[in-house]
Amino acid sequence: MDAHKLKLDFPILQNQPLIYLDTAASSLTPQCVIDTMNEYYTEYPVNVHRGVYQISYKATEKYTQARQTIADFINATFEETVFTRGASSALNLIATSYGLSHVQKDDEIIVSELEHHSHILPWQQVAKKTGAKLIYVPLNKEGRITVENFKRVLTDRTKVVALTYISNVMGYETPLQEIIPLAHQKGAIVSVDAAQAAPHKTIDVKKLNCDFLAFSGHKMFGPTGIGVLYGKQKLLDSIEPIEYGGDMNDNVELFDAVWKDTPYKFETGTPPIAEAIGLAEAVRYLQKLKPEAILAHEQKLKELAVKALLKLDGVTVYNPTSETGIINFNLDDVHPHDAVSFFDEDHIAMRAGHHCAQLIIKWLKVPATLRASFYAYNTEEDVKTFTDAVKKARDFFTSVGF
Amino acid sequence: MHQLENLYRQIIMDHYKNPRHKGLTDDKNYFTHHIKNPSCGDDITIQTRIENQTIKDVRHDGSGCSICCSSASVLASLMIGKDIDHAEKLTLNYLSMIMNRPFDEDLDLDDAMAYQGVKQFPARIKCATIAWKAFENTIKEWSESHE
Amino acid sequence: MDAHKLKLDFPILQNQPLIYLDTAASSLTPQCVIDTMNEYYTEYPVNVHRGVYQISYKATEKYTQARQTIADFINATFEETVFTRGASSALNLIATSYGLSHVQKDDEIIVSELEHHSHILPWQQVAKKTGAKLIYVPLNKEGRITVENFKRVLTDRTKVVALTYISNVMGYETPLQEIIPLAHQKGAIVSVDAAQAAPHKTIDVKKLNCDFLAFSGHKMFGPTGIGVLYGKQKLLDSIEPIEYGGDMNDNVELFDAVWKDTPYKFETGTPPIAEAIGLAEAVRYLQKLKPEAILAHEQKLKELAVKALLKLDGVTVYNPTSETGIINFNLDDVHPHDAVSFFDEDHIAMRAGHHCAQLIIKWLKVPATLRASFYAYNTEEDVKTFTDAVKKARDFFTSVGF
Amino acid sequence: MHQLENLYRQIIMDHYKNPRHKGLTDDKNYFTHHIKNPSCGDDITIQTRIENQTIKDVRHDGSGCSICCSSASVLASLMIGKDIDHAEKLTLNYLSMIMNRPFDEDLDLDDAMAYQGVKQFPARIKCATIAWKAFENTIKEWSESHE
């Protein structure tokens, strides 16, 4: 993978000097995805389904193919692939539809302090509403979920295991391949937050054998406004929709109605058409680059960067061993919001805060952190600019009295 | 001449106005396959009785446009009496023809040939195939239960 | 308003011969809206909130301004304006959050057979789940909701009135200005489905004094993947979110969390950023054209068309008196899916079916209908092409034996 | 010289490291105003005691970056002892300065002048204004209760 050549695919990297290290929040958008959505808006910008005229037929075909492309991408079927507003919406659908109807008082739901708010709060609500218990896998001293620790909290009462595939703060990968069969032995279902996995890993839901899985378009070269829920067919068949209305029903009577089959029963109203078509193009782009190659590339960059950072005094890296392109760190005694302005001046875009994952920030016992995340379009020069900037920032903040 | 004259051939209109083999049965010896097309509301049920590798009867019912309803009638008329292997070939051939893929012009599709015009109307392909796909599923089910 | 000149703003109308009469399903997209979204994807395609670097700041500003633009458009405040996936999603939020917590057994919910599935099914579910009664306003013989008939069903038990502003099938406007005060006298709240109103009417939620209101971007020159929920501030303050996760909370603890204020508490996860910014541009475009001028224009076209259709034998128009640009009709004895192919051949895009409003189609006692809807970019020539095509279609289908 | 030196002036760092008037009180005679900035997590509370049209005391607490925390300290130091009308003028003047709008350079903003550099950093304007907006709300509340 030639990251220098890749940069040419991203208009924003042509338009301005920018070292973009915030892909874990949103990836940049390649021209091909923009073009694909423009094609929709300029050549067939109409609604799908029920339109028997040609451009509506075309929109329906493109939209249908988009779902198949995305289903194939994770080795799911068309029926198992539901479009949502984003990963958050998909994760909520699982908790609200499956969770509220299957979890009972004193049942246990296993979660972790590595979860993004969008995977912890829906289950916190299920626990509150049903009287079930939220059980946290103890993290090891690096902050990881381990199989050993998972075994310590798994019981006959475990009904749901809701874990992230890759942490958006620590960049750790959860050993799901071992955890999922253990959970299944106890009869629990496993919900996987793959928002940080889909951009960097080939996800095979059949091999993983997870029950539900969710991810977002905007983190994997795709547009905003779309996400994906995967669910095993028999689970999706057995659970109820949580939104009702146009396009998700067959027959509507005054006091009753019948739903369509999955995936349609979960998708009321006009779908995110341009977004689905754009996401399919993003998937093709991602597949062309190969997720494994991207991951290897970003890991290499991350390791270079960590090595440089560890040499600096007054800089703390919280996840030096992470296996993805995320570095979570701080300049000692400098609030991350102060620090991030320094990087911004050097056109380095990074995130400061709790990254919608306050539990792990609290676990780290800091008020907030800086996060740099590398992706396919970052280069070794970017790493150098970044680590040089950290050094300069360290010196600067010390000099002004922090 | 309006393009659409290629679509609404006389044979099709005849089967639409005077459907053959219409109406479902409760007989448990029939395979029943039901397909809805969520994108246009067509809804067709095909029932088939197969004995000794032969299609003994085909029934149909449902709602939809003229292309959809007539094609169920044409399907039933064509298939009754056919050997199952031959029926399968005819089905695949018909589907290929409609979807504008290579097909064997020598296989006798009889009245079903009238649907050749559909390929010019991509938005209507589903209308012309829904009954046949239900029938295709029937043959698949039968084959699986006879392996 | 010069509709001929206006056509130049719509790339699809430049790219192919097209008489677009399906705006009630989705409007076409003007170049300025496409450009605005492209600007996002090419110049600042990043996440909003918490990003302290410049392009994220820019994205946040643009996104925030977009909400203000849309709030101003309906005379609401920023806090009262919630972004959703679409009108369907917004209408479901009202029913699920407000409805399930405020409606009790034997309470009454007034709805109508003119409702779109997305406004009837959510309340049908509330009725089923709470034991409340769904009460249908009897339609008058034209199929309209009248104040008289509304009074006949309004009782002390009425807790919710859920009505469409403009019917997507009949094009009738509901006399909400009179109905809403009556409902309020009984202590009921009023939820308004404005999906078909926002594109053609200046909506003033303060003057209307409705409690909730919803509409979609894609029907008013905007993109897919976004809709708007309006709610009175005190109602939004008092109801609970239905999705939980990133960005909608302040403090997150292991077993508890605190929500942000409205509108944020209803918007978990990465929002539809490009879509919100695109919708704001659509609103500016709409305001420049003036909704009143659009409505007058489309009414004029519709009347021309209806006059011509009424002269034809074998054509039934179901809503000759409608006050908007929607014509709902059939060629007698021709299934609308057959008919619509004829129009498609003449590059006339129209809808055939039940338009996600089966109740009014059943009320009309037909299996399905054809719908032609006029909008700002349609011309008198379009009307002529359309009515000539109806005549030709009538002759054609008769000639082939229908 | 790095641009950022315009931001982190000595006075600002001094108030950040040694905040004046910090810590909240339970005294019911104080107006309390709390502002959170959902977009960056800053969270500041300002408490004010007003007697005879005069700002008698200002207290503050909260969490955030150096700009946010120090500006609360600067605000408190500046306002204590000021007549309420004057305090309002100072507040509006400060907000105009930060937001890069015309402002009266002759009004003595004292240490608060050090925040002039913020206008070059649009993403940080909120940090520098959050405490002042809470104080502005206090004055508004006071004015409304004294009309």
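Labels for the chains are A, B, C and D, by order of writing; each one numbers its residues from 1.
Rule of thumb we're sticking to: contacts are C-beta pairs under 8 Å (C-beta built on N, C-alpha and C of every residue); 3 or more make two chains touch, one makes a residue touch a chain.
If you're wondering where the values come from, they're calculated on a predicted model, not measured in any experiment.
*Asks:* Relative to chain B, which chain has the most distant C-alpha mean position?
*Replies:* D
*Asks:* Counting C-beta pairs in contact, which chain pair has more, C-D or A-D?
*Replies:* A-D
*Asks:* Distance from the CA centroid of chain C to that of chain D, rounded to the nearest Å?
*Replies:* Centre-to-centre distance between chain C and chain D: 45 Å.
*Asks:* Between chain A and chain D, tell me the centre distance in angstrom, where each centre is the average of that chain's C-alpha atoms.
*Replies:* Taking the mean C-alpha position of each chain, the two centres sit 38 Å apart.
*Asks:* With chain centres defined as C-alpha means, what is the inter-centre distance between chain B and chain D in Å?
*Replies:* About 77 Å, centre to centre.
*Asks:* I'd like to verify one number: the distance from the centre of chain A to the centre of chain C, where each centre is the average of its C-alpha atoms, in whole angstrom.
*Replies:* Chain A and chain C have C-alpha centres separated by 31 Å.
*Asks:* Out of chain B, which residues touch more than one other chain, so two or more?
*Replies:* Where chain B meets two or more other chains at a single residue, that happens at 40-41, 123-124.
*Asks:* Residue numbers in chain A touching 2 or more other chains?
*Replies:* Residues 50-54, 56, 247, 337, 341, 344, 352-353 of chain A touch two or more partner chains.
*Asks:* Would you tell me which residues of chain B are touching chain A in their complex?
*Replies:* My answer: residues 36, 38-41, 122-124.
*Asks:* Which residues, counting only chain A, touch chain C once they are in their complex?
*Replies:* Residue list for chain A touching chain C: 11-12, 15-16, 18, 20, 22, 25-26, 28-29, 33-34, 37-38, 41-47, 50-56, 85-89, 91-92, 96, 113, 116-122, 124-125, 127, 134, 136, 216, 218, 223-227, 242-247, 249, 251-252, 254-257, 268-275, 337, 340-341, 343-344, 348-353, 356, 358-359.
*Asks:* What does chain C use to touch chain D in their complex?
*Replies:* It comes out as residues 48-54, 56-57, 60, 247, 250, 260, 264.
*Asks:* For a test of understanding, state which residues of chain C touch chain B in their complex under the given definition.
*Replies:* Residue list for chain C touching chain B: 335-338, 341-342, 344-345, 352-354, 367-368, 392, 396-397, 400-402.
*Asks:* Provide the residue numbers of chain B that touch chain C in the complex, in ascending order.
*Replies:* Residues in contact with chain C: 2-5, 7-8, 10, 13-14, 17, 40-42, 63-68, 121, 123-124, 127.
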